[in-house]
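As structure tokens, here come the structures.
Here chain A shows up in two complexes: once beside chain B, once beside chain C.
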Partner chain A sequence: MDLRETVLDPTAGWLLLAFFGIAWVALGLYWGRKARDLEGFMLAGRNVGLALGAATAMATWVTSNTIMLAPQFAVQMGIWGMLAYSTASFGLLLFAPMALRIRKLMPKGYTSGDFIRLRYGRAAWVVFLLISLFYSMAWLVSMGMAGGIVLKALAGIPYAYGMSAILLVCVIYTLFGGLYAVIGTDFFQSVIILIGVVTVGAVVLSRIDVTQVYHDVAAQQPTLLAVFMPVALLSLFNNMFFGFGEIFHNNVWWSRAFAMRDGVSYKAFLLSGLLWFPIPVAAGFLGLCAGTLGINVTDPDMVGPLVAGSVLGPIGAMVVFVVIFCSLASSIDSLLAATSDLLAEDVYRKMIAPSASEARVRKLSSWIIIGLGLLTWALCMPRLNYLLQVLFFAGPLVGSAIWPVAAGLYWKKANPTGALWAMILGSAVGLVAYFQIGWFTAALIGAAVSAVVVCLTTWLAPREFDWSRLNEVTPEGTEGGA
Partner chain B sequence: MAVAAQQALRTPERTPAPPVTLEQASPVTANEGHLRLSWKPEGEVPDLSFELERSLNADFREVALRKVGADRASYVSGLREGENYFRVRAVTAAGDAGPWSEALVVRVDYPSRRQVFILMAVGAVLLIATVLLILAGHARRRGAREG
Partner chain C sequence: MLFPKFIVEILIYAALVGSGLGMVTLLLLLFKDFKKRRIW
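And now, the complex of A and B:
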């Protein structure tokens, strides 16, 4: 049993939870007043500007993992580990031109599933949906569990209460406000996250002798400073391709590309990537300071909050609490909204009831958000720690979708059967690598196999595609211009 | 020193620190260079703290000492390839240290250099190809639009 005490008084934790919970619900309801029709609810009226667009992309990508896993990467893999986590920002940077292309090709599109179905056909679409839904649920459950665990560790709030409170708050405002509420709250959350991380980083740097940190790490954990650190070097590429896969395929990012005004998405994703890049470095540095501060690390994912609490005292613990609450909320709300869109649009409207009215799909989306919230809560409740590992299984799956998505957007002759087998073989070989070599190779190998299959099939059997087919006519007969 | 010795003589019933047992069984494999160690004292004494020693030698002739406080676990990372040795002992509030535990052997076998360089080369080629695919596609579409 570990005897570590919580770094924040439980009463303060409850007060912060109540204050920010009420604030997010109120803001969500306020922003969500505009979400009257389906397009407003799912895509915020396709009229999101640069500031909100950049803020929502950055806030969504700062998950609780960024605050907790980046220091853990530093503790486990040293300097390379810190940089490995930061490479996840490259996905946002590369998605910038892709978002522009998505908006151009599919001005009336709703989901990433729409693109795969129209571009590659139903078989590839089904495989893609399975990958995407598995990944989204794994991400949701990992966020819900992380929320409960962090609130308990930081403030002693019982796991079940903390996890339930975070999920409930996010479900309520996403339910009533849709993407308007998600993007609006993301803006405030991103500002709080940025200020919090910069403040904690600056104060820690001002109070710690970096030279001493170097000497302590060199004495106690010498390999963390080594240039040749095998696992860390491999995780550099693996994490990068995991990030590419997550962003390129997932409807969280596609819905933002559809929601942003013409010409905005390119700058918004570039800006969010640049803003995001230093966050894991700042958070990761905390992990390296633990030894110098005399902090015994028992759980590596808690090292960041512990160091911040130790250096900054109760105020620091409150800042970390609020930053983690914001990062959890900004990711959970996005996942609830984007996954409900995927289920309502791709599964219900495209597979079950093609003639369903917008009002019916809108209503169904609300029920799906409630259902997703309940399912996530039920999976999080038993606190099965192995479920946290499930997200890492998703690495090769999402990695295998990188090339089918990117080639599908830019190559007119990308072969649909090739895209289907790229996802299947990339996932399968990547999972084998996960178990045979290690997690730090799975996404890389999955993406590499998928890329080879896409290139080979396109080269051997090119299939001409008419880009205008992506500009699908909706059941109500509204058609956009390509 | 003399004062401390006199004080020690005046308190004859100082509870000794109990022996400690590491919960992992030797040898442990940690091929990523990190693992969580945990231990149990054989008997409860109030206000115990623990010290963890790490060495590259079985006889612990060169050590790195970590005082871990009251925690009964510690996460160790940055391990060197080969065999790493750990042992732990309890220390009472009065400063009396108990015996060291049996040494735990932790074997670290990182992926081979050949494997690492091959996979990094794959990663580098794939990264360049992915970036080229997207940026070339972006430039071509922009060029077509402007043209």
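And now, the complex of A and C:
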């Protein structure tokens, strides 16, 4: 089957894009009325409830990659491939107790950068910011490019138009609504994603017999059903540690921990991990059905939409289109908001202008969101395919941040110089592994080196830390109680 | 050695049922938060 048989009519694609684009902007503007001060804009008033908290964590973690790459993992690595992708949810599960502790130690905190600066000092903070900003930009650019590529493949919308439209919609509602708009739209997006995944999966199951799929795969590609598949097992652990690194360090998740009401963050992150876990398996199942349906897979990352289109026709292509649009928007808006917070709070307020008022930082945040949108657009526009790989390149960098963050939160004696060198050496050795061994080992090795450095330096030279130092008095003079 | 068929079947059905339950849970939680005026 050819992809052209299953794609949407471009007019239908544009109509869907316009409908959902207008809906997100309208909702963003509606909720944005609450985002008057800095705390409202950056942290949704620190009062987010369980439903929105769980939904925003889940939707942000469902990217277009989850929908497109999970079936590809199934086609290339079989059962273990789907499970490998699902292990990315363990990061959300493990972040649940961390979010609780973050709220307790830093009731007035704003960013993950605040934590590293107060816990480990300036040098580690600068290295951490470089890693975090590099990773966030790589994620933003990969989402922008994926948006353009997928909309073109599914609906024939020209790459430049599709990519620009998605970025524009996300920039507008994040700009006016801040984290209120991001979290509010994330709820609707998460429900739509789940409805889409369940609907497509259920219809495919009603038309195809799983026994037949099993026998076809066993006959044509038995390795996909193999209990022992070394590459897939390695990628499972690599994916898991990449996920830990991405979630533990990034301000996308820290800002949510700060934004949730007291007592909500633990349950919300736990629930989001449980909601996320089955999605790659449900989406990956489509990849396993390709052989039974007689689909010739020439482009592995399009196997999911191909299967949905061949079983459900244009309706299936439409569902996949909407699910992918929601997945992209829920990640891009979160990245715009969280990265703008890092630049406004850490770089501007803490490095450049410590006496800046909250109103000034609030205004600057808006300009940063516009700037980030423009920079992402400029990097996505030439469609340089190697930029899509940069996100994987960031794997060892974020992997090296796992232990400094975890030890910093729980280990009173963690050595600050050790944390700095853990990030530097973990990144360096992980990058060497990326080029010399393969992408599927880089995050794992980066995290392992970082763990050894943190443990060794703390064992050799333990430093006592006073946890109350994390409860920083803000420049406006407000202080919370731990 | 290959995964037995029933394991693959359980995995796929559990993933779809799990996703469906997740969707219902989110909607119920929203309803509960809305009733108690604790959405934000």
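Definition applied: the second predicted complex is superposed on the first by the 476 of 482 C-alpha atoms of A that agree within 3 Å, B and C clash if a C-alpha of one lies under 4 Å from a C-alpha of the other, contacts with A are read in each partner's own complex, and residues count from 1 in each chain.
Going forward, a contact is a pair of C-beta atoms (placed from the backbone, for glycine too) under 8 Å apart; a residue touches a chain by one contact, two chains touch by 3 or more.
Keep in mind it's a predicted model, so treat the numbers as computed, not measured.
Of the two partners, chain B and chain C, it is B that touches more residues of chain A.
Look at A:44: by the touch rule set out above, it reaches chain C but stays clear of chain B.
Judged by the touch definition given at the top, the superposed model places A:300 against chain B, while chain C stays out of reach. Looking at the shared chain after the overlay, A:222 reaches both chain B and chain C. Applying the stated contact rule after C-alpha superposition, one finds that A:211 touches chain C and leaves chain B untouched.
After overlaying the two complexes on the shared chain, residue contacts for A:382 are found with neither chain B nor chain C. By the touch criterion defined above, A:94 reaches chain B but does not reach chain C. Touching of chain A by both chain B and chain C, each in its own complex, is seen for residues 222, 225, 228. Partner chain A is touched in their complex by these residues of chain B: 31-34, 36, 54, 64, 66-80, 110-111, 113, 115-116, 119-120, 122-124, 126-127, 129-131, 133-138, 140-141. Only residues 34, 44-45, 47-52, 54-55, 58, 79, 82, 180, 187, 190-191, 194-195, 197-198, 201-202, 205, 210-211, 214, 218, 222, 225-228, 261, 271, 274-275, 277-279, 281-282, 285 of chain A touch chain C when the two sit together in their complex. Those residues of chain C that touch chain A in the complex are listed here as 1-3, 5, 8-9, 11-16, 18-20, 22-23, 25-27, 29-30, 32-33, 38-40. Interface of chain A with chain B (complex): residues 1-4, 75-78, 94, 97-98, 100-101, 104, 217, 219-225, 228-231, 233-234, 236-238, 240-241, 244, 291, 294, 296-300, 402-403, 406-407, 409-411, 437-438, 440-441, 444-445, 447-448, 451.
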